[in-house]
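What follows is chain A paired twice: with chain B in the first complex and chain C in the second.
Then we have the complex of A and B:
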């Protein structure tokens, strides 16, 4: 069918009147009513637990008042206050430092682990897969509590091991230069399983013929990995990076349990700050404003990540 | 889930950026005021007995009562609260009390949510976060109930009444008065050649004793305190004659000569004399408490109730308790230590105000105080009730009330504590010099005081 013929057919079937259009629309709705019914529970939950709180948070960021009391509209004053607050700059810097550390380390190490676990020469792959995934199952606060004893000076497991090596006590959580790095280490341990499992699933899904073709063409293992496997994993890596970044920006539980922002605010993060403003200082408007700022940081970063990593892959 | 299109995302980011730009143009924000006024204590001839509150229909009224847990004696609900409230319910069969421990970690959240939902507990235990709820209009003023029932406020500590008074109205009944004391390990004293029954009385003696204990071994220290313990670290300047704030809380005075001297003395314990356990160690598990409990530290300061925790956790610990050694300032400031008031409040939204008031009144009677606070190890907010005369450590918390300095019960106190803890921690970790830390601290605290005034 050429282009002219297609246009003619379209003209013929197009309803010529409002009544006809309405009839088509009703038919379409009737045909899809079951689908809408299936979607309804999701939309109810989405509106109740995501959309309404989101709009409420935006509205709260323009208000001033206590957590459980009357509030007054103050426009953008809460946003204007943030740069003047005592530790806003510190929490932003800490959070960015943390994200810049944890995301690349987590993604690269997860890739490495995924390659190791899927290697055909490795025995007990299921066992390693389970071992890597287990930390995710631990409640964040409980895991943090366990780590507080592992990292404790003098009697902590890690300190004990380091002392045995003649390195002496390292104050992981009370040294301002080490505390954030220690938190990153714990979060890496806790979150690595998610990335590894994703990558393993993605690797298994890559057709073997492509790898074999590369090998026949003379590619070594490194070249197969970097030229075939990783490029084909790009959508999953993108997902991993975006989710890792969002989670990293939301760091809270481990900080709250282990250091409560200390020492000297060196582990104070944006969400910790939001919590403090909302529930300790009872300044809900400022907390909501900081939440909006966090959104404004995460959204463009995620967008850029999607643009950079989400490009179409073409194979010659 | 539908993918967000590029156009939508750009629109969304644009709104965010616009908000940020507009925010930059907006005026300075304001914060809430901290209004305290001298209380008007009504003179009543007698101490009020617990009022009766039998509803005319004969039905049983159920009161909810929330309190943060104090674990010093063990399970508070089972050992202290439960038996006490059983006595109350036996005396008042028409009132049933449902007691609930609310973890401190989520205390404000839970109360805020309950008040916001209009379903708060009828009676609640309130501490420093109390002013927030008063300002939000969640707490019932007690003045009318006090007047109607003839309750004699004179039996309560006057300073405790001041703490719960806002704009001339009393919003809660003081119940607990907790305060810090010096605790020492008698065994380490003996090993160091010191008299185990005689604690240091002055700061010079304190250093001398600490040096002797420190000489006992590389892992034994004369003194320990948590670097972020804003209560225990907050009084060095006062012991040297300084004050945190001026009288109307419009200015922070922590950069004064007295404060610098006091905190320099504290810093010297860490770096000059090296008798204090390094803050890097006490800042992690098991903390100053754990090392003191385990016999690695000679002296520390804690709320007197902690004695019960120590006795439970290490029954072999030979514990001594005394007033804090005297600094250069005259008494009581020279022996200044942390003090705090826990009070009983009635929610404005309570449907059973009369019954709630009956419970509150009853809980501050000597018998009820003995049953509950005596079990916990807390001193009471009554000036005429002493529960621990036979206990050499807990009694110090009661007899040393005049040395207890209360933090201001204001909406900004948590923010102040966070700033205080950060800078004192910096001093103890050796990251900042005393004078520069106090100067920065003062500037930051003055900022929050200014915000409070502007509100």
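Then we have the complex of A and C:
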């Protein structure tokens, strides 16, 4: 009796802590399991359609072969060959030219438009904000079709208007010197709203007293804009430049619909190259290598955007 | 100081207005130009969609069709499987949006509210994928879809589009701001984890979900390159793919392409009119997608 009682006491005192400990670890395990189960559907898709393809994209750039067929390992030969492919230089040059054209034009014109819309004489800001958003709604393919008629030679609205001004017939999309610019015009129309809306939000956020103070000190409107407003918008403008650059480097849809890289490769871009070399010309390795080149351009820009600007914007 | 400036404004308000009249006129002229530039192409193409083929090539071009006709709409819906493309786009965008909302909300909730082993590493890996350009993934994603036997199918069109780090990131940010007391109270009352997610978290996340839904739906509705790569049969085309290939497969018929372009934009325009706020919110978040 005495012994069993002692055992019972011992049982009651000691193992309780053990049970508790076990219970703690069990809830910890349970907590982890619950979390993993909630993540499971997402990560199944993530591994299948992001992680595996990403690793395989890098691996493919070291191989040679057909899309559906045997592939052989060639090391860095694709990268070594890229500069010798005559079209590579054209493609890179076109893309850089396009980026260097569209980004500054978009950002400067968007700044101007944002100043215009936030002007103190303007009523109905929301209406104008909606107006600049409308072109964003169009699919690039739809925007391309819309503009292909406007830009059509002779009977196209813009061609007609310009020839009425005495500029002669303009072949926007079939002139190698104008085709990329015409594509830039369409993309400007479709994308400008993004920058304008961002800038409007930022301008409204700037304390009125700062501008007022500058005005009292004798600054004119131009000085207030360049010395007060724009410097305060710097993070947002940088964000805008970075996003515009990332998108511009990936130009494809409009080119595919309107010119398919032509005339004379004047609108062939990096992504155009990747698509065509992989899915049309069966040059899988070269296409994959060009993909890695694009990654090397985009990833650092994105990294800067996320690390530096992401934080600043949140507090802006 | 404020009261002084107010009375000053009131006294000189009228005269001020007269003095600045030329400026006001100038500003509104510029704004009118902006409206024409942004909406003009839509309106012109809207008119073009109602033109007879002979009036398409008229010089000077007709802004408003003199003899409006529905022939272009009849053409795209009877000579081309445009109705089918519209249906395909609706199916693909809807299913992929619903799927994305579900998996991203579950993951976003977990990252926002749960502690688990490997949380930081997983989230960092997720964020890192935001830096990958889509074109890099084109070939290997095609190979994966091919290995799964999903080329030229709805599955191939839809599945790779479900999920995405951006959606998790957006919803995690949103769910983090929700008070934890609610879910804890529900758990204490005996609700299961799934019930808490479904009945507490999801209803409270509606604004975040709406923003993501719009972002994902419009992206999917407008995307061209993936359907171009994964689909061969004409009956599986989506709207952008059909629109893009109208130029090469059918002789360029500006009446038909105009009608098709307008019809493809209409659903988004209607959605925009009702949900403007979320569209504009999504603009900055969506910028993350890269």
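One rule holds for everything that comes next: the second predicted complex is superposed on the first by the 242 of 316 C-alpha atoms of A that agree within 3 Å, B and C clash if a C-alpha of one lies under 4 Å from a C-alpha of the other, contacts with A are read in each partner's own complex, and residues count from 1 in each chain.
Basically, contacts are C-beta pairs under 8 Å (C-beta built on N, C-alpha and C of every residue); 3 or more make two chains touch, one makes a residue touch a chain.
Source: prediction; values computed, not measured.
When the two complexes are overlaid on their common chain A, residue A:162 makes contact with neither chain B nor chain C.
Of the two partner chains, chain B is the only one that A:80 touches; chain C does not reach it.
In the superposition on chain A, contact of A:148 is made with both chain B and chain C. In the superposed model, A:238 makes contact with neither chain B nor chain C. In the overlay built on the shared chain, the residue A:282 is in contact with chain B alone; chain C does not reach it. In the superposed model, A:214 lies in contact with neither chain B nor chain C.
Residue contacts after overlaying the shared chain place A:181 against neither chain B nor chain C. Judged by the touch definition given at the top, the superposed model places A:35 against chain C, while chain B stays out of reach.
Of the two partners, chain B and chain C, it is C that touches more residues of chain A. Of the two partner chains placed by superposition, only chain B is touched by A:263; chain C is not.
Shared contact residues on chain A (touching chain B in one structure, chain C in the other): 67-68, 148-149, 152, 154, 156, 279, 292, 295, 299, 303. Against chain C, the residues of chain A that register as touching in their complex are 31-32, 34-36, 38-39, 41-43, 45-46, 48-54, 56-57, 60, 67-68, 113, 116-117, 119, 121-122, 128-142, 144-150, 152, 154-157, 160, 164, 189, 193-194, 197-198, 201, 239, 243, 246, 249-250, 252-253, 256-258, 270-271, 274-275, 278-279, 284, 287-288, 291-292, 294-295, 298-299, 302-303, 306, 313. Of all residues in chain A, only 64, 66-70, 74-82, 84, 86, 148-149, 151-154, 156, 169, 171-176, 260-265, 276, 279-283, 286, 289, 292-293, 295-296, 299-300, 303 touch chain B in the complex they form. Within the complex, the chain C residues that touch chain A are 20, 23-24, 27-28, 30-31, 34-35, 37-39, 41-42, 44-45, 48, 56-61, 63, 102-104, 106-107, 109-110, 114-117, 119, 122, 125-127, 129-144, 146, 159-160, 162-163, 165, 168, 193, 197, 218, 221-225, 228-229, 239-241, 243-244, 246-247, 252, 254, 257-258, 260-261, 264-265, 268-269, 272, 276, 279-280, 283-284, 287-288, 290.
Within the complex formed with chain A, the residues of chain B that make contact are 6, 9, 12-13, 16-17, 19-20, 22-32, 108-109, 111-113, 115-116, 129, 132-133, 135-138, 219, 227-228, 279-281, 283-286, 411-412, 414-415, 418-419, 421-422, 425-426, 429, 431, 444, 447-448.
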